Amino acid sequence: MSYQSGAVVSEGDLVLLYIDERRTKLFRAIKGKRVSTDKGYIQTDDVIGLPWGSQVTLSTGFKAYLLKPLIHDLVMKSFRRVTQVIYPKDLSLIVFLSGVGPGSKVLESGVGTGFLTATLAHYVGDEGKVYGYEVREEFAKTALRNLHRVGLSGRVRIKVRDVKEGIDEGNLDAAFLDLPDPWSALKVVCGALKSSAPVLIFVPTLNQVIKVTDKVIKDGYPQLKIYEVLLREYQPSPDALRPKNMPSSHTGYVVYFRCLKVKA
Amino acid sequence: MSYQSGAVVSEGDLVLLYIDERRTKLFRAIKGKRVSTDKGYIQTDDVIGLPWGSQVTLSTGFKAYLLKPLIHDLVMKSFRRVTQVIYPKDLSLIVFLSGVGPGSKVLESGVGTGFLTATLAHYVGDEGKVYGYEVREEFAKTALRNLHRVGLSGRVRIKVRDVKEGIDEGNLDAAFLDLPDPWSALKVVCGALKSSAPVLIFVPTLNQVIKVTDKVIKDGYPQLKIYEVLLREYQPSPDALRPKNMPSSHTGYVVYFRCLKVKA
Amino acid sequence: MSYQSGAVVSEGDLVLLYIDERRTKLFRAIKGKRVSTDKGYIQTDDVIGLPWGSQVTLSTGFKAYLLKPLIHDLVMKSFRRVTQVIYPKDLSLIVFLSGVGPGSKVLESGVGTGFLTATLAHYVGDEGKVYGYEVREEFAKTALRNLHRVGLSGRVRIKVRDVKEGIDEGNLDAAFLDLPDPWSALKVVCGALKSSAPVLIFVPTLNQVIKVTDKVIKDGYPQLKIYEVLLREYQPSPDALRPKNMPSSHTGYVVYFRCLKVKA
Amino acid sequence: MSYQSGAVVSEGDLVLLYIDERRTKLFRAIKGKRVSTDKGYIQTDDVIGLPWGSQVTLSTGFKAYLLKPLIHDLVMKSFRRVTQVIYPKDLSLIVFLSGVGPGSKVLESGVGTGFLTATLAHYVGDEGKVYGYEVREEFAKTALRNLHRVGLSGRVRIKVRDVKEGIDEGNLDAAFLDLPDPWSALKVVCGALKSSAPVLIFVPTLNQVIKVTDKVIKDGYPQLKIYEVLLREYQPSPDALRPKNMPSSHTGYVVYFRCLKVKA
């Protein structure tokens, strides 16, 4: 199965069936299946071969669109969640600050549900690689299944191990930590990175921000930054524009700094 | 000049000299030059050949670090600005929602100073391409110079033209609009995209949000979303953690939707 | 019934039974009643005569406190709601900007559930007065019952009338508008105020902000201000401090300006 | 000098000369004075006797309005500042949560510049009283001068003393703490309040929030709440509505809880 896809919906493609803002369904186009929604169903046989973006009619007469899922649709709508995930508002800043791009080789720990893993895999491309360390085997397995489902598992290698016990890889371009005690992992993590490479840390509480900030400053790592992203979504109502009633909940804080040259 | 770089600072590399949080300087490592800061200077000859992440001593005895600039450093610190720019808080969400990645071919209009252009060029890689339309020749020239400076101009093609007058390319993966009247450009832009491809619009005022929302709804484009990113940066003081006194100022709103299959 | 109360819980007092953050119950201390909570009950006879702040034991052994309800407890926990209400985050700014204090005589329209009415009544004291105009009789009745319940109805006069049809009072200190079309009411409202008195408007959508802003500017009223209050509440966890998962939802915008001297 | 004023500008009144949003001047109407602005001057003799809200013409021909200053104008525009102040966004929430109103007798420490002192004095009215404790004599003097200037000093008693060394008053309705170490003062403060009375604390850093939260929980005080107010101000431009470029900076956190019955 390929992460890329053509101009029409082909057998095996993941498809985002979009009815309206609150009703979307991500499904795989496998022949002979029925895709049910609370507004009626469609047959996959009637969808395969249609151009992306086509309007289709559900069994009830409701209209829907066949959208090619993007990376944000894939993680949000097809991943089975086993942990607290990192949401798009934070994923996007974390990735941007890391400088990751095509060909990057990066470290991630822990992997959890795999939202960040998938996002990183998307950006590093076929020439890059994401090395994921995850202590809990069940999380590692779920993450791999999630990644496989969206065609990104080939760019990822997941190990069931505590990152603090040692990292097999070296000379990596960036590291991403979503751990309860990231301050304990900084030394081993920096040892696996190119010197001056960035570390991105995600923590939910301010106590963790304080502890990791303290450690980064004491160890002398430069360009330390602490961010919090507040995302407001607006009701798309041109006659009554206003923020949505339910704002995005608190997620966490993003800490960024640069490793230094490892002293020999 | 290459966008990639090696383990040590080589002649021609862009280097981020990091003294402290408020004092950083981006310079090019050209032999025989002096790099001055308000805390003293260094000679480029003393820097070339050092590993990235090395600590150096300025003429005054002050210490500084040689950091390899990441994409956010490059746009924020090396670009000459001729327009209001799109800042990292918005750049990162815009790029993530677009699904752009290695190999993507995308449309951008207007180009302006080129912050988004450079960011897109970073993510599409050597296999991708950014087609930028910009009506003002001086902006196009500055943007190209900015892109050239950071080694990304090879992935970009800029045309001095109003995107509403027609787009030469077709079958593109995403479009990015930073125009005063984006509602006027939707039809021609969707015509140049693959069907179901996303359009990302950035506008500074709520009146523009209302107008473009109205147009997107009337034209029936699906998955319309309107976002505003509020970024809070914290003082990295473990004993007195608090948001920075100067929060990020208002920038604008991000509107996202999907084009549909072009009817023949 | 008095709005004031003594050092001990007296018959007729409103009492806030506080078990924990999510379990509070506001009740009236009437002899011979049982007050039930999902953690057990108490008898009012066992409460009357106890000092405020006393700890009591519920039938199940759970502990609770007898707190004297403050104005924010009274509106939030004892008012029957028949409309969208104005929440404390907005109430507090609205009241502060209005300059209302002991002895103020103010206009409010519409009254709705009466959150703002009660708050204004609290601040104007026994020497002041709140004149409330409300077009829907059922809202007016509910608001009056709510005000009566908390002992504030003596400071309020509610009329079932559209404020735009005329205001009986004059020379008032401030006006408060929570109407769908506040721009239609500005002239008549300013006519009932002292010259240079402030008008505070609360509207939920940005389209209304645009319309009322346009009207205020065209009519030349000075000191126009537009605010939005975002309130973040934190989990009171000293070991894991973080914002609450559920942030306060969008409520509305506060518009402030000053009326001018009425031309004879 | 009285805090109240009549229908016209009288000798001795404080007047807010409003030219436009960025140009306002608060002055006292004393005969024979010239009031200068960067848009020209007026003579106080030409102002005394005019109705509030009158339009006046400056020496340059510019127009301005004579507005009766409200409590927010008074603190923001007439107070000499000697400390970091508490801004309206926080003042308003603090006051509302405290339940303070006409006749309240309250404790404040430290007094600082006196923004909160003046606001409390405004609300407690002539029947109430604000007891302010301030360790630094120079702050106490400045605060008193500020309060005197706006006619509110009669409602305030300021003592140059550390509140932790003892409080002369008792049976107060609420306490307000703006101290570096509020956790050290809780016991003595609760001893001076009516039982179940609220304490409102303002602190700038999250470390202080953590410490005071820890203390409040350990001491078993109920109804603990932690808030942060983010105020957004919008440009009053009906054709280009958008948040102001400069958002309000970080100020601090508001902590609220209730004292309990003092055990004999």
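Which chain is which? They are A, B, C and D, in the order written, and residues in each are numbered from 1.
One rule holds in what follows: a contact is a pair of C-beta atoms (placed from the backbone, for glycine too) under 8 Å apart; a residue touches a chain by one contact, two chains touch by 3 or more.
Small disclaimer: the values here were computed from a predicted structure and weren't measured.
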| request: With chain centres defined as mean CA positions, report which chain is farthest from chain D. | output: A
| request: For the pairs A-B and B-C, output the one whose chains share more C-beta pairs in contact. | output: A-B
| request: State, to the nearest whole Å, the distance from the C-alpha centre of chain B to the C-alpha centre of chain D. | output: 44
| task | Provide the C-alpha centroid distance between chain A and chain B, rounded to the nearest whole angstrom. | result | 21
| query | Between chain B and chain C, what's the gap in Å when you average each chain's C-alpha atoms? | reply | 47
| query | Which chain C residues sit where two or more other chains touch them? | reply | 206-207, 210, 241
| request: Please name which positions on chain D make contact with chain A in the complex. | output: 206-207, 210
| note | chain D contacts chain B in the complex at 204-207, 239-250, 252
| field | List of chain C residues in touch with chain D within their complex | value | 7, 18, 21, 24, 51-55, 65-68, 70-72, 88-89, 91-93, 95-99, 101-103, 119, 122-127, 194-198, 206, 209-211, 213-214, 216-217, 222-238, 241, 253, 258-261
